[in-house]
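In structure tokens below, several structures.
Shared between the two complexes below is subunit A, which pairs with subunit B and subunit C, respectively.
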Partner chain A sequence: MLKIMKYTLSDLLRSRWGLIYLGFFLLLTLSLLWLSGDVSKVVISLMNVILILCPLIAVMFGVMYFYNSREFTELLLAQPIRRTDIFWGQYLGLALSLSLSLLLGIGLPFLLYGLLASSEVLNFFVLVSTGVFLSFIFSGLAFYIALRNDNRIRGFGLAILVWLFFAVIYDGVFLLSLMLLKEYPLEHYSIVAAMFNPIDLSRILILLKLDISALMGYTGAVFRKFLGTGLGSTLSFGVLVLWVLVPAWSIRRLALRKDF
Partner chain B sequence: MIEIRNLHKSYGKLEVLQGIDLGFEQKGRIAAILGPNGSGKTTLIKSILGMVLPDKGEIRVDGQAIRQQWAYRERISYLPQIARFPENLSVRELIAMIKDLRGGHAEDELLIRLFGLEPHLHKRLGNLSGGTKQKVNIVLAFMYDCPTVILDEPTSGLDPVAMIHLRELLNEAREQGKTILLSTHIMSFVEEMADEVVFLLEGKIRFRGSLQTLKEQYQEENVERAIAHILQGKQAVEGNDGNSQTAGYKLQATSLKPQDSRSFTPHLLTPHN
Partner chain C sequence: MKTRLMRIYIVILFLGIGALGLRAGTVNVCADCPVKTIKEGIRQAQAGDVVLIGSGLYAEGNIVVDKPLTLRGVNYPVIDGQLTEEAFTITADSVTIEGLKIQNSGHNQLKDLAAIRVQRTKGYIIRSNILLNSYFGIYLEYAGAGEVYGNTIIGQAVTEANAGNAIHAWYVQGVNISHNFLKGHRDGIYLEFVTHSFIHDNHSTGNVRYGLHYMFSNDDAYYCNTFDHNGAGVAVMFSKRIVMTDNYFEHNWGRASYGLLLKEITDADIARNAFVSNTVGIMLEGASRIRYQNNQFKSNGWAVQVTGGCEDNNFIANNFLSNALDLVINGRLNSNTFDGNYWSEYNGYDLDRDGRGDVPHRPVKLFSYIISQSPESIILLRSFFVDLLNFSEKVSPALTPDNVLDNMPLMEEAQWAVGSRR
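For the complex of A and B:
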């Protein structure tokens, strides 16, 4: 598995898209730091970009990479290699290459700016790690979608739909449900509902760490109370890990049953 | 050694393989798997490699059942039908990668020289022509010394010089006592190289035997015409009188796709001098 991962990683790191992704983050972070000069404000701006862009790029890139490397996958399938190793290796290679682009693209400018000397190290760390989590989660979902659908158009359509659902539609439905159910106590409901959306969960984690949860009013206080505790943090971290593991496990299940 | 018992495979409603029983026990023989497009050749080959998972039936390679196994592929050299590789890698890197993944001794340098691939070694695979890619494909398939060799359309895109080398490689493998399976559309290649023929039609074996038997059964001079007879549904000649040929055309040979330029049929049915 590690060998397949290594080759996927080196293939992707040299590809044009990988470089564009890296360049985008470099440019964005550099210009944000240049323009605002306030590290914590830059972290918030980057958060909004990461929460939307990382899932989108991961899901699209994942589907694209899977379909493009289909013949290569067939070549590997004819070699004495376990099926699970092939698909997990490719998945890890993809998720790692996206994470590396993110890490370098955001990390280098921050380091140049003197991040280590500032008090924002922890916030920066939370920001980048949620970005990495989102990259893993959504490239896993992408691989699952692509494995399920041999039809590329449908695969791409579903991938966009999944992103749209978690990034936009889910929030809308969530807010609507909060409005409709406003007569009832909603603390637990809203916490549970946030757990089912990795993007929401990441956003809340970052906002809590940035200590601006007061801006979120009553809900913010509830989340602060719940997620601020050791149990809350562990739980939300655990849920994010689950969000990585479940698609990865589903990839294995599908890969073992699929014809090539 | 390959044993296939009662192999069934369907994709949705389409039954691609309908109860295939086949054994390749004798070593040092080349078996050609023939049939029109959609007859199940590639599905059969991919089932042996574990890339396609059969619905029913069993495949054994060297006595070992292959379901959910992977290590047995170390003993198979496989040449896939379409040679498409990761485009960002160079030829050298691809060969190194397969060697790295498989481990063990490989005769890649010899084969690279044989097929004149030296000038292409540092080119990216995406920039290679179809014929050159097929040569790389052949190098990858033959660089390991495996007791079983499976080739899906090995001749496609090859120039005459490379064809000669391919024949040499096949003859050498036969002399070494390997079990060789190949599928092709080129009947002259079959006639020249194969020891026996397995003819698939609509997922069933319609004929299995030596080239000589095939020609005798259908009283034809060459394989191409004999196979055209099978396709047209004519009965094999029984006895010696030669009058028992019944031209029973079977119209449900729907797996033939005449609109496909790579189709088997036009090639088979054109009058041959």
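For the complex of A and C:
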């Protein structure tokens, strides 16, 4: 597995798309830091970019990579290598390369800017780690989609739909349900509903660092406990880990059954 | 007005020094001295004398200071009220109390016991004392001009109902309260029917209710104070002509927590204050004819919240930086103006390069309306969908008041000469 992961990783790191992804983050972070000069403001701007872009790139890139390397995968399948090793190796290589681009692209400018001396170190780490989580989650989803669908068009369509669903539609439906059901106690409901969307979870993790003063304005006791104590962070973090594990496990199940 | 008051103080000071020069009597109180108790010291002293209190523990019950004396502690002698009595009651003019450590003065909700009570006098100076575990710390009632300076007052309040205020002033004129450290009481400073007073350079932190609280008090000023981690920073209620400048409000968090709460007040001036990381920066209820200039609102949940009955509030050259929501206004009738502020969220342009944006800025977001309808939706703060909603609302306002806008938003942060502290 490690060998395949290493191969995928080096393959992707040298590829054009990986470099473009890295360059984009470098340029974005540098220009944001240079233009605004306020680290906390940059963290907020980057938050929106990471929450939207990381899943999109991961899911699209994942599907693309899977379809493109299909022949190579078939070659590997003919060798005496376990299927789990092949697919997990590829998946890990992809997710790692995306995370690496993200880490370097955002981390280097911040380091140059003197992040370690500023008070925003913690916010920065939360930001980057949610980005890494999202890369892992959505490249896992992408692999799952691609494994299920041999039809490329269908696979790409589904991938975009998955991204659109988690990034926009889910929140829209969520908000609508909150408005429609506002007569009812919605505290538990809204916390649970947020758990089912990794993008919302990541956003809450960042909000807990950046906007806690606003969040504490809410009156409900359950919410206050969730947001005000370590419970919110721990729970969100744990569920994010689950969100990584479940697609990975599904890939394994599908890979073992699939007839190539 | 400030200089006139200063002049009065200087005159008082010189009179005091003069009186000392004439008499210069000193009564020593300590465990080994002929005079062993403070009460006895006060009885023997003549008007204008200094009673020097040596270090040690004095538990004498209620000590009444009924002549113009200076009670001065050497190495912070401890006066213990044993949780039953008021340590000092001052009933004479021109009494100075300094350098004492007063602890465990009585807790009594019927009598409002205090560590130091000033009763119907003027010219009092309460300076550099340490007051621990008091019910009320310093209680001024029906007092004239005087000074409360450099005291450290730390209580152990847990709930509002069972706690007193660190400094409590009731029917007082012209008091000067400065450089005190106030912690763990109900209100840091509470003023009721207090006029022409100056509150400055105090640090009020960790109080259960308010850091500073005005009720029915007119023509006062507070400046260069720091209020943090209180239930709410400052509450100004039912008062007129209060000047609030160069204060620092930080980290006042909670469901009813504000940096500054203005309730039924008129004709105030609020300038050069900094509001950082509060749940609500300024909350306005029935506040009218107030000018807000050069204030800094940074990383608050709600920077400014305007509820009903607020008229003619003018926001000029303030900075709104990275707040979750800059402005919330209830109601459609609006006579408040927000022209010429800096909004970090403004994304217009300035083609004629006059430093003012060419497109008006709408500080009220649709999301604030949604939150008021369904508070749980706060969990969707800053999500992409909410940003989309806000954007479409900004383009064509349907639910937010369309007359709340900044017609000439600043392109750069407003700059001003900072106050004495920062």
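Points worth noting:
Just so it is clear, the second predicted complex is superposed on the first by the 245 of 260 C-alpha atoms of A that agree within 3 Å, B and C clash if a C-alpha of one lies under 4 Å from a C-alpha of the other, contacts with A are read in each partner's own complex, and residues count from 1 in each chain.
Just so it is clear, contacts are C-beta pairs under 8 Å (C-beta built on N, C-alpha and C of every residue); 3 or more make two chains touch, one makes a residue touch a chain.
As the structure is a prediction and not an experimental result, all values here were calculated from the model.
Using the contact criterion defined above for the overlaid structures, shared-chain residue A:Glu187 touches subunit C, although it does not reach subunit B. Once chain A of one complex is fitted onto chain A of the other, the partner contacts of A:Ser233 are absent, as it touches neither subunit B nor subunit C. Once the two structures are overlaid, the count of subunit A residues touched is higher for C than for its counterpart among subunit B and subunit C. After overlaying the two complexes on the shared chain, residue contacts for A:Met47 are found with subunit C alone; subunit B is out of touch. Touch criterion met: A:Leu207 reaches subunit C, while subunit B stays clear of it. Once chain A of one complex is fitted onto chain A of the other, the partner contacts of A:Arg257 are limited to subunit B, with no touch recorded for subunit C.
Looking at the shared chain after the overlay, A:Ser129 reaches neither subunit B nor subunit C. On subunit C, the positions that touch subunit A within their shared complex are 251, 253-255, 257, 277-280, 299-302, 321-325, 344, 370, 373-389.
Chain contact summary for the complex, subunit A toward subunit C: residues 38, 40-41, 44, 47-48, 51-52, 167-168, 171-172, 174-175, 178-179, 182, 186-187, 189-191, 194, 199-200, 203-204, 207, 210-220, 223-224.
Listed in rising order, the residues of subunit B touching subunit A in the complex are 11, 46, 49-53, 68, 70-74, 76, 78, 80, 82, 84-86, 88-89, 97-98, 100-102, 140. Residues 3-4, 7, 11, 14-15, 69, 71-72, 74-83, 256-260 of subunit A touch subunit B in their complex.
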